[in-house]
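Labels run A, B, C and D following the written order; every chain starts at residue 1.
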Amino acid sequence: MSAPDFTRPDFTRQEMMAIATGREIRDGELAIFGVGLSMLAGYFAQAHHAPNVRAMTEGGVYGATPVGGLPWGIECNRLSVNATSFTSALDALGFLVASGRCDVGIIGAAQVDRFGNVNTTGIWDGEIGESYRPPKTRLPGAGGANDIACGAKRTVIMVTHEPKRFAEKVTYISSPGYLEGANARERYGFPGGGPAAIVTTLGILRPHVETKEFQLDSWFSFSSVEEIRANTGWDLKVAPDAHVVPEPTQAELAALRRVDQTGALRKKG
Amino acid sequence: MSAPDFTRPDFTRQEMMAIATGREIRDGELAIFGVGLSMLAGYFAQAHHAPNVRAMTEGGVYGATPVGGLPWGIECNRLSVNATSFTSALDALGFLVASGRCDVGIIGAAQVDRFGNVNTTGIWDGEIGESYRPPKTRLPGAGGANDIACGAKRTVIMVTHEPKRFAEKVTYISSPGYLEGANARERYGFPGGGPAAIVTTLGILRPHVETKEFQLDSWFSFSSVEEIRANTGWDLKVAPDAHVVPEPTQAELAALRRVDQTGALRKKG
Amino acid sequence: MTHSKLIPLAEAVRRYTWDGMQYASGAALPIGSDAIVFGRELLRQGRRDLHAVFHCSSQQLNLLAGAGAATKAECGFSALEVFGFANGLRRAVESGAMALEDYSNLAMPLRYLGGALNWPFVPATTNIGSDIQHRSAFAPHDTPARTKIPTVTDPFSGREIGAYSVLQPDLAAIHVTLADIRGNSIMLGTEWSRFELSRAAKKVVIIADAIVDSGCIRQFPNLVRIPDIIVEAVVHWPYAAWPQSSPGMYDVDEEHMHLMNKALATREGTDRYVADFVEGYDDPDSYLDLIGRDRLATLAKTETAFLLDPYRQWILSPDQVAGLSARGVAA
Amino acid sequence: MTHSKLIPLAEAVRRYTWDGMQYASGAALPIGSDAIVFGRELLRQGRRDLHAVFHCSSQQLNLLAGAGAATKAECGFSALEVFGFANGLRRAVESGAMALEDYSNLAMPLRYLGGALNWPFVPATTNIGSDIQHRSAFAPHDTPARTKIPTVTDPFSGREIGAYSVLQPDLAAIHVTLADIRGNSIMLGTEWSRFELSRAAKKVVIIADAIVDSGCIRQFPNLVRIPDIIVEAVVHWPYAAWPQSSPGMYDVDEEHMHLMNKALATREGTDRYVADFVEGYDDPDSYLDLIGRDRLATLAKTETAFLLDPYRQWILSPDQVAGLSARGVAA
C-alpha cells in the first residue's frame, strides 16, 4: 500500500478507520457500501486507489459518486445526482450480492463478537430467552447487512472500538460472521466467505485461518496493543505478526476529505 | 349481448369464431391475449363492447391497441406503437397471470381433448412411451399458454374445428385443461379455474359442471350439431339447452374489421 | 379508457383503509421517497391497530408507531440512516406497544415477489443462520408455520435452505414522482421495492408528486413500471414525501427530519407534532403553506432537478389537475 | 472509469464463446429484438455443439438449429408467432439432431431469476400437472435431479408444488437499442426477460443497435436496466436484430422473415442461406449493403420511431463510434 507519511498530518480516529477500511477495497472489484461512514470509506477507495471499483448501494444505485458530502442515505440526492443506473433492492442485494457475485461489502455494527457476528437489532438486559421479548434498546435492524454478510465474497466490518461494542458473544446475531467459529458457516451454504477484517477506531482485527476467532492484526499509530485489548470485551489474542498500520498519506487524506466534504469523520475522534 | 342481424352480412367462419370468442370477454376484466387470431378476438372485444378491458400480452405490453392490422407477435411494433407500459414476461405471466389475478386468457391449440387439455408441443406417431422421443411433427411449444391455463381465472380456447384437432386424449398436455376431468386440477393447486369455453370455427363447447367433459353448447348459424359431432374426435355430448349462436351484428363485424385491418380472418373460412 | 382515478387523499384513506388492516408503504428506502402524507392522513382519520409492512421504516412508520396507530410491523431496516434511530418506532418497540418482526432488506422484496407470484413460500439463502431466522416478535399463531423462517429441502441437491412466508398486503400506498390520471406511474431514482410491492398488494393507491398528461406516458412506456391496470386510485399531493426526498423533485428537509424525529422520542412531543404537522392543514395548499413556501423553493433547488427535465413539458398545473378529478372528468 | 468495452463482433465471439458452451440469447420474444447477428457470427466461426438457452427460439435459434450448430436447447416457445413454425428448429428436433427441452414462457424467466439469485431451485406453480413437468428431452443424467421438474413441499402448508432447476448460462448475448461504450444499456419495448437473463448469465455481451454518449445514460438512469458493472463487452452493430424488429428503430422485415424460414426448412436451403446471409458480409457496412440500403430505409420508417426521439441527440455517428473502440480510447 502507501508508505507512511512522516509529516504526521492531523487526522481523526474515524478518518484513520475509514482509510484503513478503504485500503481493503481493490481496484475493479464489485463492491457494495452501506450507509454512513462505510460509504465514505468505499468512495474514498474509489477516489484514491480503486478508480475502477464497481460500486453500488443496496438501493440499486450504480455508477454514482457522492456530491456535496456524506449522503443521508443510500438513495440520497447527493448520490442519485450522477448515477448511471437505478434499479432495485432485489437487483443489488439479490442478484449481485446474495448470489455470491459481489467481491466485497462494507458493513457497520453496533456490536460485534469474537467470531465476527454482528448485532444491529437490539440490546437486551440479559438473554432474550426462549420466546422473543422487546429489547431494552431497539437498534436499526439488519438492513442489507445480513444479505451482504451471507453473500459477499468477503466483508469488512467498521466499528468504533469500545468495550460494550466488542462482546464475547452478541445477544442477537443480525448478520452472521463465523457463527460459532471454524467452518460453522458451511451449515448454511452461504456463498460468501465471511468477514475478512474488523476495522475499528483503534486498529484492525482479522480471523484466525482455522478457528476464525478474530485476533489483533494491527494497530494504529496513535493506539497500542494494550489499549485495544482493554477496549475489547473478550480476551483478544494478538497475531504473531501483529504490526502498526501505516498512517494516512497526504494523498489519502486529501482524497478522503474530498469525499467527506461535510466533515462527518472529523466531528469526533 | 347483441341481437342477431337479419341483414345476414357476409362473414367468414374465422370471423365468427373471433367474434364468439370476443363475446366471452367482459368490460373491465384483466385479460391476456396470445398471439395471432386470439389477439384479434381480444382487441375486437375492446373495440366493440369492452372498452375498459385491461388488456395485456405476455410480453408485458400494456395499454396498447394494434395499429395497422394483425401484429406479427406480442412485441410487434404494430402493438408497441401506442403502449402505455412495457415491462416483462415475469410481470405479465407471473405477477398478473400465474398469480391468479388475471380474469380471462385466450389461448390457441393445435389439438384439444375431451377435458380441454391442449397440445401445442408435438404430434407423435402413437404413444410417446416411457422415455421421451422426438415428435413426428414438432409444434411451437407451450409458450405462455401453460401459464395462462394454470393461472387465469378462466380461459377461452380458440381452435379450428377439424377431427384431427379434437382428440379423445391429447398425446402431450402442453397446457392443462381439466386433466382427467372432475376436480383433477385440485391436485396441483392451480389458482385458475380452467377453460370456460372452446370456441371453434363451427360452434362453442363448454364443460359439464361436474365431469368437466366438454359438450356442445351452441352452434353457428352456418353449422349444425351433426357437422360439429362429425368433426370432433370423441363422442361429443350435446347439452340439453344447446342452441344457435347469434350471428355477428353489423357493429361487431365493423369493429372486428377495424382491428383486423389486414384481413387475416378473411383469408380462409 | 379515459376514466380518471384521481381522488382526494382523505377519500383514498376513507375508501381503502380500515382498522386492523395490513398496510404497506415506505416503499423507497429508509429516508427516500415515501407516501408519508398518506400516513399523516391515516392518523387524521384515527386508524388504529395497523399491521404495517414497510421494507424500511421511513418517517412514516416512525410517525405511525410513535403515535400508537401501528401495533404490528415487519421491516428490513427500521431507522433513519444518517439521521439516526427512528425514535417513535423505538419507543413503541421498547415499550411493547408495537411488535416488530425483523427481516433483511433483501428478504422484504423477496417476500413481495413471492406474494406477487402467489407462491406459498420463497427460497431464503440469507437470513438463515442468524437470529432473524427463528426469533419472532409475533405470536406463533400469527405466522403460517410454527417457526418464522422454516427450512425447505432442495429436491435437486437434498440441501436445506430457508423458506420465507410471502406478503400480500391489503393495500400499498406507493409514492411516485409522476403519474397520469389513470395511474400509469413513473419513478425517478431507485425503485427500491416499489415494483414488487405494487404487484404483491391486493390494492394499490398511487401518491404522486405531480400529474402528467398521458402523452408523457406514451413517450416513455419503459419508464412506466406501475401500469394503470393494477391501480385503484391516484392522489395528487405535491411534496408528498416531505420531509424525505424525491429524486428530481426535492431534497430532504434536514431540519424537519431532525425536528420530527426528536418530537417522536416522547409521547408529548408526538402529540405536539401531530397537532402541528398532521392536524395542521386541510388540503395540499395549506400543507404547503405549513411547510413554508420559501423552504419548499429551497428544497426544490435540488441538484437532481435535471432528472425531471425530459418530463416537465407534460406536468399539469394544479388547475388542470383539479379539472381532472375522478368525478369531474368527461373526456 | 472511462474504459471502453467496445469490440468488434468477431472478437466478441472469439473471446467469449466455445464449442459445447451453454449459450443464451433470443432475449426479446419469438420475433422481437434479438442479437441475431451474434448467432450469424457463431456460425461464421464454426462453433458447434452449442447448448442454446432461449426464452423463445427467434430466428437466431432457428438458424443455429437448422445449420446444426446447436445440439441442445431449452425454450419456452419455439416458433415464429404469425410467421409460423420455425422450420430450421423443427427439422433439427424431428431428426433428433437437437434435443429440445420444453418449458413455458414464465418458466424461463423464473429459471433466470433463480440463476440470478443463485437459488438451488425455483418454486413452480405452473408447468406442473402437464407433460412439461416430467417429460425430458435431455438424458436424465443431464439434469440435476432424476426428474425434470420435481416436487418440493411447502413448509407452511405441507402442500406440494414444483421446483425448477435454475439457469446460469456461460454467456448471454443480449440485444439492446442503445448502449454507451461501457455497457450501460437502454432497451425500448418490452424487456421480455433480458433483465433477468443479464443477471443470471456468467458473462454478458451487449449487442447494440446504436451507441450513445454517456450523457444519455446520466439523463435516463431509470432506463438503464443493464448497468455497465455486469457487462464484459459491447458490440455496435446496426440492425443487429434483422430480420426481426427493434422497437423505436426498425420494423420486422416481413419478406426476409419468410425467405429465411423457408430456406431453413431444408439442408440445401440452409446451406444457401448461410452462404448468402451469414458468409456474405465482412463488417457492419457490407452487412447493411447486403440487406440493401433502400430496404433498411423502409424498415427504419417504423411507426414506433417516436419512441427513439428523446435519445437521438446522444446517438454517436459511425465515425465517432469507430474512434471509441476498446483499443482506441484514451479519455
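FYI, contacts are C-beta pairs under 8 Å (C-beta built on N, C-alpha and C of every residue); 3 or more make two chains touch, one makes a residue touch a chain.
The shown structure was predicted, so the numbers you read here are calculated from the model rather than taken from an experiment.
Engineer: Between B-D and A-D, which chain pair shares more contacting C-beta pairs?
Structural biologist: If we tally the contacting C-beta pairs, B-D comes out ahead.
Engineer: Name the pair in B-D, A-D or A-C that forms the same interface as B-C; by residue number, over half of the contact pairs must coincide.
Structural biologist: Having compared contact pairs by residue number, the answer is A-D.
Engineer: Taking each chain's centre as its mean C-alpha position, how far apart are chain A and chain C in Å?
Structural biologist: 29
Engineer: If you average the CA atoms of chain A and of chain B, how far apart do the two points sit, in angstrom?
Structural biologist: For chain A versus chain B, the centre distance works out to 57 Å.
Engineer: What is the distance, in whole Å, between the centres of chain A and chain D, each centre taken as the mean of its C-alpha atoms?
Structural biologist: So the centroids are 39 Å from each other.
Engineer: Which residues belonging to chain C are in contact with no fewer than two other chains?
Structural biologist: Residues 117-118, 125, 159, 161, 188-189, 221-222, 307 of chain C touch two or more partner chains.
Engineer: Hunt down the residues of chain A that sit against at least two other chains at once, touch-wise.
Structural biologist: In chain A, residues 86-87, 94, 98, 191 touch at least two other chains, as defined above.
Engineer: Could you tell me which shape the graph of touching chains takes: line, ring, star, complete or other?
Structural biologist: Basically it's none of the tidy shapes, so other.
Engineer: Which two-chain combinations touch?
Structural biologist: A-C, A-D, B-C, B-D, C-D
Engineer: For chain B, which residues count as touching chain C in their complex?
Structural biologist: Interface residues on the chain B side: 30, 51-52, 54, 56, 62-63, 82-87, 91, 94-96, 98-100, 191.
Engineer: Can you list the residues on chain C that touch chain D in the complex?
Structural biologist: Going through chain C, the ones touching chain D are 114, 117-123, 125, 144-145, 150-157, 159, 161, 163, 165, 186-189, 219-223, 306-307, 309-310.
Engineer: Give the list of chain B residues in touch with chain D in this complex.
Structural biologist: Chain B residues touching chain D: 35-36, 58-61, 67-68, 70-78, 80-81, 86-90, 93-94, 97-98, 121, 128, 132, 134-147, 150-151, 172-176, 179, 185, 187-191, 264.
Engineer: Provide the residue numbers of chain C that touch chain A in the complex, in ascending order.
Structural biologist: Touching chain A: residues 28-33, 55-56, 75-83, 85-86, 89-90, 93-96, 100, 102-110, 113, 125-132, 135-137, 159, 161, 188-193, 195-196, 245, 247, 251-252, 254, 257, 302-304, 307 of chain C.
Engineer: Which residues, counting only chain D, touch chain A once they are in their complex?
Structural biologist: Going through chain D, the ones touching chain A are 1, 3, 116-118, 184, 199, 214, 217-218, 221-222, 224-230.
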